Structures are given as C-alpha cells and as structure tokens.
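Supplied in structure tokens, the structure appears directly below.
Chains here go by letter, A, B, C and D, matching the order in which they are written, and residues are numbered from 1 within each.
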Amino acid sequence: MAAGESGRIGPSIDIERARTRIDEEPEDKVVRRLMERFQATISEPAMLGKGRVRIRIDKKDLFDACRYLKDSLGFEHISMISAVEYDARFDIVYHITSYQSKLLLELITTTTKDDPSVDSVSSVWGGANWQERESYDLMGIVFKNHPKLERILLPKDTLYHPLRKDFR
Amino acid sequence: MAEMWINMGPQHPMTHGLWNLRIKVDGETITDAEPEVGYLHRGIEKLCEDRTYTQIIPITDRLCYGSSLTWSHLYCLTVEDLMGVEVPERAEYIRVMAIEMQRIASHLMWLAAYAADLGMMVGFIYGMRDREVFIDLLQALSGSRLTYNYPRIGGVAHDLPHNFDRDALRACEYMEKKLKEYEDIYDGSKVFMMRNEGIGLLKKEDALNLGVTGPPLRGSGVKYDLRKDMPYSVYEDIDFQPRSHPACDCYARYRVRMDEMWESCRIIRQTVKKMPKGKWRVVAPRNAPEGTGFGRVEDPRGEAVMYVVGNGTDRPYRLKIRSPIFVTVSAAPKMLIGYKVADVVAIMGGLDMCIGEADR
Amino acid sequence: MKAEPDKSGGIGQAVMFRSRDFLKWSDEVLEGVLRRSPVGAGIDLVTKDFFNWATRNSIYPLHFGIMCCALEMAVASAPRFDAQRFGVIYRSTPRQCDVLLVNGPVSKKLKPALRRLYDQMPEPKWVIAMGECAISGGPFYGSYSVVPGVDQFIPVDIYIPGCPARPEALIDGIIKLQKMIKDNRKGLMTGR
Amino acid sequence: MNLYEFCYGIIHWLVDLVNNLWYWLGDLLPWWFGDFFTAVGDFARSDGHLSVMTILLEGVVILVVGLVNVLNFIWIDRKLSGRIFDFYGPYYVGYRIGGWLQNLADGIKLFTKEIITPAKADRVGFLVAPIVFVGSSVLVLAAIPFSHNFGIATNDSGAGIPAGVLFAFAMFAIAPFAILVAGWSSNNKYTLIGGMRSAAQMMSYEIPMLLIVASVLLLAGGFSFGEVVDAQHDIWFAIPLFLGFIVFLVCIVAEVEVQPFDLPEAEAELVEGWTTEYCGMRFGLFMMTSYLRGYAGGALTTALFLGGWQGPRLIPDEFWFLIKAYIVFFVVEWMRWSLPRIRVDQILGLGWKRLMPLAILNLLIAAAMKTMGWF
C-alpha cells in the first residue's frame, strides 16, 4: 500500500452499526468493546485507514482503558506517547499497537493547561516509562503515579520545558 | 570488595555514542544498572517547528548517523500521510532499494562495532571495509556518504544513476559471499559463542512489556516485523521473511541481524527486477492541511514512528519522533542485572545503540 | 597566634632539608640555569627538531564519538582510508592522548564533561573541531540545548568543515595539524 | 668467543687505557698522592672490579639488544596486523625503512609529554609500580641466553646464569604484583578492576605454567637454559610433550596479556584497564614492557620447547633463536588480532579446570618418559 493512499482522516465509525455487527472487522470490534465498557467517556471514534483507529477518551478513564486494552484486547505494545500543545489544552496521544490483530489505536486524551496531569500508564506497559519521562521533560506534563518522574534528556537543573509554544 | 557504582560514559569505548551507563557492581557481578541519556539532546523537535517541511529533511537525516536514510524516508512518509500525496511507484521502489542498502550498511556497522566490543579487531575492520561497498552505492545515489538527504516529499530527489542496478546486483553478490565468510568467522569461533550464548536474556514477556522492538524483540522469539505485518511502501509486493530467533540472548540478536542482511540482499534483488518505469517524484504542496500525519517504519534498530500535526502553514505545528533505541535502552537494566562487567559490552553492543536518535 | 616556622633560607634549610624540598630547589636552580644560559639553548638547538619530529608524527586522538563524524572517524582508521599510516592511534583514556577530536554538537549537558576531558589530557595537547556541529552548531544552530561552537569553552586549533566531514577531510586535518606543530616548534628547555 | 670474554676484553682494554693515564697523572703529582693513585688503579685492575664491570656491560648489551628487538616486535606486530586487516600499518614515518621509525617517534613523543599524577592517587604506589613492572620484566631477558655464547655469564666457561629457568620464571611472576599496585594506587575504579583481574588471571595461569616447566626440567635434568637446550639435541621437547607445549603456549598468552586473554586492559569495558591513569613516559614504559614480555614469552617457549638455538649451521645460533622466538610471537599476535576476548570467569575456569589437569597429566607423561629412560 502506498503511503499516500492511507492518508486522510477516514469516515467516522457508525457506532450503532459497530454495536450490532457480529462478523466485524477487528477495528470495529475494538471500538465496539471499548464503547461498551467506557460508554460515557469515549468520543469521536474514527477510522484512519487500514488497521488504524482513533478514539478520544476522557482522562479520568485513561488508566482503566489502557489496562483493559492491554489485558483483554491484546494491545501489548505502546509505540509512542506524544504531547501536543494547543491554545487552551494539551493533547496526549497514545499510539498503541496490537501484534496479533495488527491494529494501531490512537488514543487521545486531553488535559488543561492549568493542571497538565494525567495518570501514568507505565505500570501497564513498561515501555511507557521513559516516554512519559520525556514528555514531562520537554512538555511539562505530569504523569501521576509514575515511579520516577525526573528530567531525562535535559540537565536536572533546567527550569523550562522547551517544547511549549511560549518557550523561545 | 564492597559494592560500588561505576560510571560508564559519557566518554567510554563501550558506549558508541554519548550516554552514560551507571552500573553497580559487586566484584565483577552487576547488581544494578541505570542508563542515562540526553548528552546528545539537540532539540530537533523544536527546531523542526521553525523550518518548512522540505527544510526538515536534512535534519531528520541527522537523527541517526548509522541509518540516516530510514529516518528521512520515515519523515517523508509521515508528511505524505498528512498532505495526502500519492507517491509514484518507481519512487517507492527506489526508496525500498535504498532503505535496504542502508539497512545492510547499518547492520554491518553494528557488526563491526560489536566485534570491536568483544575485542575482535578483525571483525571491526572487515565490517567497516564491506560497509564501504554500500556506502559507495548510496553515494552514487545521493552524493553524500552518510547523511543523504535523498527522499523528498512525493518521491526521491534524483532518478537512479546510470548502471545502478548492475552495481546493486554486484554488491549483493559480494555481500552474500562475505556473509558466508562472516558466519564462518563468528559462528565458527568458540570464544565468540562463549561470549554470546546465554548472555543478556530478555524473555518474551519482558520484551513485550518493555516496548523493545526490532532485532531485540525478534531475538526474543516474537516474529513481528512492520515491513510484513503492517506494510508500508511497496513491501507488500516483495517476497521476504521476517527473521526471528527463540533464544532470547545476545546470540539470537546477532543471528537475527545476520539473517536480516540475507533478506535485505533478497529484497534488493527483487527491487532491481521489478523496478518500474515512470516518474520518480511528484510535486508536493507547500502548505500542509490541518490534521495529523502518522508514519512508522521498521528501522534497522526497531520501530520508528513519527507523528506530525499540521496547522495549514508551511511549517509543522508539532513533530514527534519515537526512537526505538530510546525505549530499548530503558530495558537495559533488565538484561544487565546478574551478569558480569565484561558482559555489558556484549549486551549493550547487541542492542545496536545509536544515541543520536534516542536523544534527538 | 602561633608563629609559623621560618621556611625560607637560613642555614637550617641546608642542614635539615627534606628530600622533596631539595628536589624542588634543585629543580628551580636547574631550570633557571637551563632557561637562561646558553646550555639550554644549545640542548634545544640539538633536540628541538628531533622532539618535534616525534611529536608531530605520533598523534593519538581520543576515542570519543559524539555524532555522525564519529562514524567517519572510525572509517578513517578502517582499510580504505587508513589513518594509521600517519601514526594515528586512538586511545580510550584522555591521559594518553594528544588530540581531542570533537566530532559533533556539544549539548549543554555534555559541556562540563567535555571540558573535563580536555583538562585531563596532558600537555602538549591540541583540539580538532570536526564537522559543522563542533565548529558552530551547524544544522542545530539556535537550538536551546546546543552550544554554538566548541571554541566557546575549549581552544580549538584545527577546524574541519563538512557535515559530516569526510574521512579524507579528517586525514587532511591531521596533516594540517602536523604542519602546525612543525611551524610552532619550541625547545623544551628554553621554551623558545 | 662468548659474550663474557668479549665484554671482559673491552673492559680490560678500557681499564688499561685509563690506568695508564691515571698512573701517569699520579707520577706528575707529589708523592703523598701516589699511594692513593696506585691503590685506585690496582683496585680498577683487580679481578673483582673487572668481573663486576664485565657483568654490567653484559647487562647493557643484553638490554640494548632486547630493546631493539622490542622495537622490531612492535613494528612487525603493526605491519602484520595491517596485513591481516587489509591496510598498510605505519608507513610514512621512516618511509624508506617501512615505517620502522613509528615506534621510535611514539616513544620520543611520550618522553616529551607532561606527566600527571592524579590528585587522589597513592603517590608512592603510583610511582613504584612502573619501576617494578619494567624492572622485573627486563630481568627476565637477563636470564635468557641467545646461545651458548651470547648471554649473561659470570665466567668465561659459557652462557647462562645457573638455574636461569627458575630465575626467569620467578621474575616473570612479579608482574601481577606491580599491576595490582598500579591499579590500586591510581584510585580509579577501572584500574582497580583491571588490577584485580590481572592478579587473579596471572596467579591462576602461573601454576599450570610452572607444572609444565617442571616437566621440561625433569626431562632436561638441569635448571639452566643451556642444559635444557642441550637436552633437545635429538628431539625438540615440543614433540614428546606436545600437550605441555600447547598448554604452555596458552599460559604464555595469558601471562603476557594479549588478545584472547587481555582482560586486565580490556579496552571495551575497562577503558584502558590498569593503565588508565598513567600518562607520558610511564604509559610508554608499560606499553613497551608489555611487548617486551611478549618477546620474553616467545624466547621462553623457544628455549623450553623449540630446541632453543639449535638448527642447521647455515646462520649463527643467535639468529636461529631469534627466528624461532619471532615465529612464536607471530603466532601469538595472529591469535591476538583474530579472536574475541574471553570473559573473566571463563578465563579462570579455563585455567583451573582445563589447563591444570592437563598440566598434571603432562607432568605424569614426562615422569613416565623419564622412568622409561627415553631421556
């Protein structure tokens, strides 16, 4: 598949259809089961191409959702944790991979600028440990319950978080 | 002897780059380890926000000096995903060919450094010597030895030079001959096997949990290769096998990389055979739309991911890079504890450290 | 307040010297003689060129890789470029090196470590800034964590441009350094 | 004419020359100086003084020959490694003689470098360690004769100090002490680990090596190199004691710390091992001495197993000896450049579990041969 084809933001998934279909695609299945479980906090599910799903989730259910994804849905690998700063909020994007069903889930959670903190998922995936430290270091997101939230790339005595837009 | 902390780095022959491994030793046995990175932090993600999309390609080249082409290729994939650019098929084949050459060069560099770590000078010299063959090919392709600046958004910078496919096939032949020789040198050496077998065990569950990717993961028995499992570019049309090894130790990682070099030779032969005619580049728009782009490739060192957020201008709003080595290093204590000081070089060398991409 | 015993001069020093003091004293006397008298100049005249020949023909750079240029540094000692022909051997410890080869961008976290490496090297020592990053920050100029040029905190003798500098350029830089050592030769005794 | 007679002749000639001037000077001066002058002159011409001076001169000759050989060895090592590695090795320094001057330039350069003693080092140990290391290694050379005629002797009957084999191995065994002191006194963790490794390794390889030497001495029936070499007139000991020869070669490689067994200075993990903190000429002496020990190891192997200086009478005996020693050194270097480094527990295991029983077996074989009256 050429890279250009996979491109654009896909059509959003019909939730009702997803709930009722039995012979579902793996993407649908994941979304459906997540929706069943975390009905209140999940929004904007979207297909981003073959094997790629995007879901927004409220930050208070993030940890449980991740635990559920790891234990029940077979997403055993966290590819990337990235923090994006917008005008009034931080988006924290988790790219989570399932090796068996060959799926990539883009899980986005939002936090405010006053209190940029989310739950740490490093107890779910060990690979998230350093990535969360990096997000803390460069963007200043505080990950609650992280075992060792220290600066990792910059010297320990740095005062700023360089990737924020107000840093020059 | 009481327990003591030893700093290995930032200047240490073991590190192959610029990082610090603090190990706690009891005599010769490691009881604790703590990697520390960041000595090569350049702020690339911030720098990219001030540059236009085309200007970023040379910077992504400098992410990893061992395999710079994969990173600029990954960047172009990501931005093409964001912009919705369709790449001509010939460009895709040229890219795949170049990436596989880069992969062989990178693995040879790893092999050379690994041999030097284990004290086998002849391995270092031979690896560096044969790497030059592929460096020459890439130099003919792009004009530069190490940082190629070759892929473009929407294709590649130039077409293949004259007679390039003949040279590529010759290089493959040469490489396959040399690979047999390497297998004799390394696998035939009892001391090499003594230093590798059973060292640096990383069980399958640990490898999965710690987010290790690439040859270390495949060396732990997980047969997962992005080129096969989530194909990008034209890897779907190419016949090759992802290689894995169930032994979980340093030897398995060595074996996986050697097998990958064989597979890369196969891939290069196929791309030469299947190379279509046509355009090698389309003009990409200057400004990207609002939205996100995502790309990931199988780097020689693991899973490399980029995530770009566009805001309608000609500069990215945010570019996030996931480096495989950054995560793999964090798994180092798991592998190190319980082994001897001399095994540090085998274990850390077996991970193919390239600190440029980890620190960004 | 107790009076310090008089350490300077006096006949007591001649009788009850400690060996270290004696060594120091003889060192000073000898140095004075050699520095000012024609004896030192004569020794220099004989040995200056010989010592300089040895110094410039055996350059041991520090085995210290930072970024891209480090790879080219390694390649330079591999068969195709073969810097060993000129007597270049990489030593891993700064104590046994003549040349600090800075081959990449110096981040603010690395700066104190690099300065310390430089301080640990024994005199006479030289610094080669290899590649754009070491010269001025190169493609990372203006970044929040990169020092714009290694010459901000270490005296640099040879600059090798290139991004990354090719192995030929490194060998050329080493030959230029040899020329520089030859041009600046000094006697060991008189320092002239 | 052997070395003793040669040196004695030179010393005698020199003393006569000086004494003539000296007596002539004494004659010019008033008489009360005369007794003094005569006494000094007589002392200078006495047998004791002459033989002491002769032995010193012999020492100087052996040392100079040894050092020139070491320079040769380093040069050959670098050139050969270049052959193995597909490049030239030293080339431009001393262009007309194949880069031979490179080592000289290295040595002279190190001589002009600053010498740093780390602030927290143990100064006495830091200073004494190189002296002990170099001194003991040079003394190994003193004990090894190149032929019946070329070696340190105390009378004109022939070469070799009595019980020279014992002396050589005793001197060979001092080095771990110096290395341990060097490693400990540098106050650096790498050097400490290097010193510890070196001590453990050398101790564990000393014992099998000495067992092999014992079996050789058993067959030879004497303690001096002359007797050992003469005993190999019919057959080199490498053939009946083939097992011992192999074990001895491995032990020598471990003792001189070259590649498969160079744990104490393992470059990849301990920066430069126990020499990490040494700089300038002290480091140069260490480096030179490690090659000197390689040379001594080759010479010992030659003398004990390869028939010493025996060979067809085409070239002088001394050259036979040197050629054999060079070949042994070449084999050692060949291993060095093409084998990976072994790990510390493996090296100790190899020493105690494999080489030790083999050495004992070899001793039994030698004893059996002696009992059968074959030697």
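Here is the rule we use: contacts are C-beta pairs under 8 Å (C-beta built on N, C-alpha and C of every residue); 3 or more make two chains touch, one makes a residue touch a chain.
Treat the numbers as computed from the prediction; the structure is a model and nothing was measured.
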Intersection of the contact lists for chain A and chain C: B
Pair sharing more residue contacts (C-beta pairs) when B-D is set against A-B: A-B
Most widely separated chain from chain D, with each centre as the mean of CA atoms: A
Rounded Å distance, chain B centre to chain D centre (Cα mean): 48
Chain centre separation in whole Å, for chain D relative to chain A (CA means): 68
Centroid distance [mean C-alpha coordinates] between chain B and chain A, Å: 25
Chain centre separation in whole Å, for chain D relative to chain C (CA means): 33
Interface hub residues of chain D, defined as touching at least two other chains: 85-87, 267, 271
Shared-contact residues (touching 2 or more other chains) in chain C: 78-79, 92, 109, 144-145
Chain A: positions in contact with at least two other chains: 154-155, 162
Touch-based graph of the chains, sorted into line, ring, star, complete or other: other
Those chain pairs that satisfy the touch definition: A-B, A-C, B-C, B-D, C-D
Contacting residues of chain D [partner chain B, same complex]: 81, 84-87, 189-190, 193, 196-197, 259-260, 262-263, 266-271, 337-346
Chain D - residues contacting chain C, complex: 78, 82, 85-93, 99, 101-102, 104-109, 111-116, 267, 271-272, 275-280, 283
Residues of chain A defined as touching chain B within the complex: 1-9, 48, 51-52, 76-80, 82, 84-85, 93, 95, 99, 102, 104, 106, 125-131, 134, 138, 151-155, 162-163
Chain D contact footprint on chain C (complex, rising order): 50-51, 53-55, 57-58, 78-79, 82, 84-87, 91-93, 95-96, 98, 120, 122-124, 188
Chain B residues touching chain C - in the complex, by the definition given at the top: 10-13, 16-18, 38-44, 46-47, 50, 58-59, 62, 65-66, 68, 109, 112, 124-125, 128-129, 131-132, 145-147, 356, 359
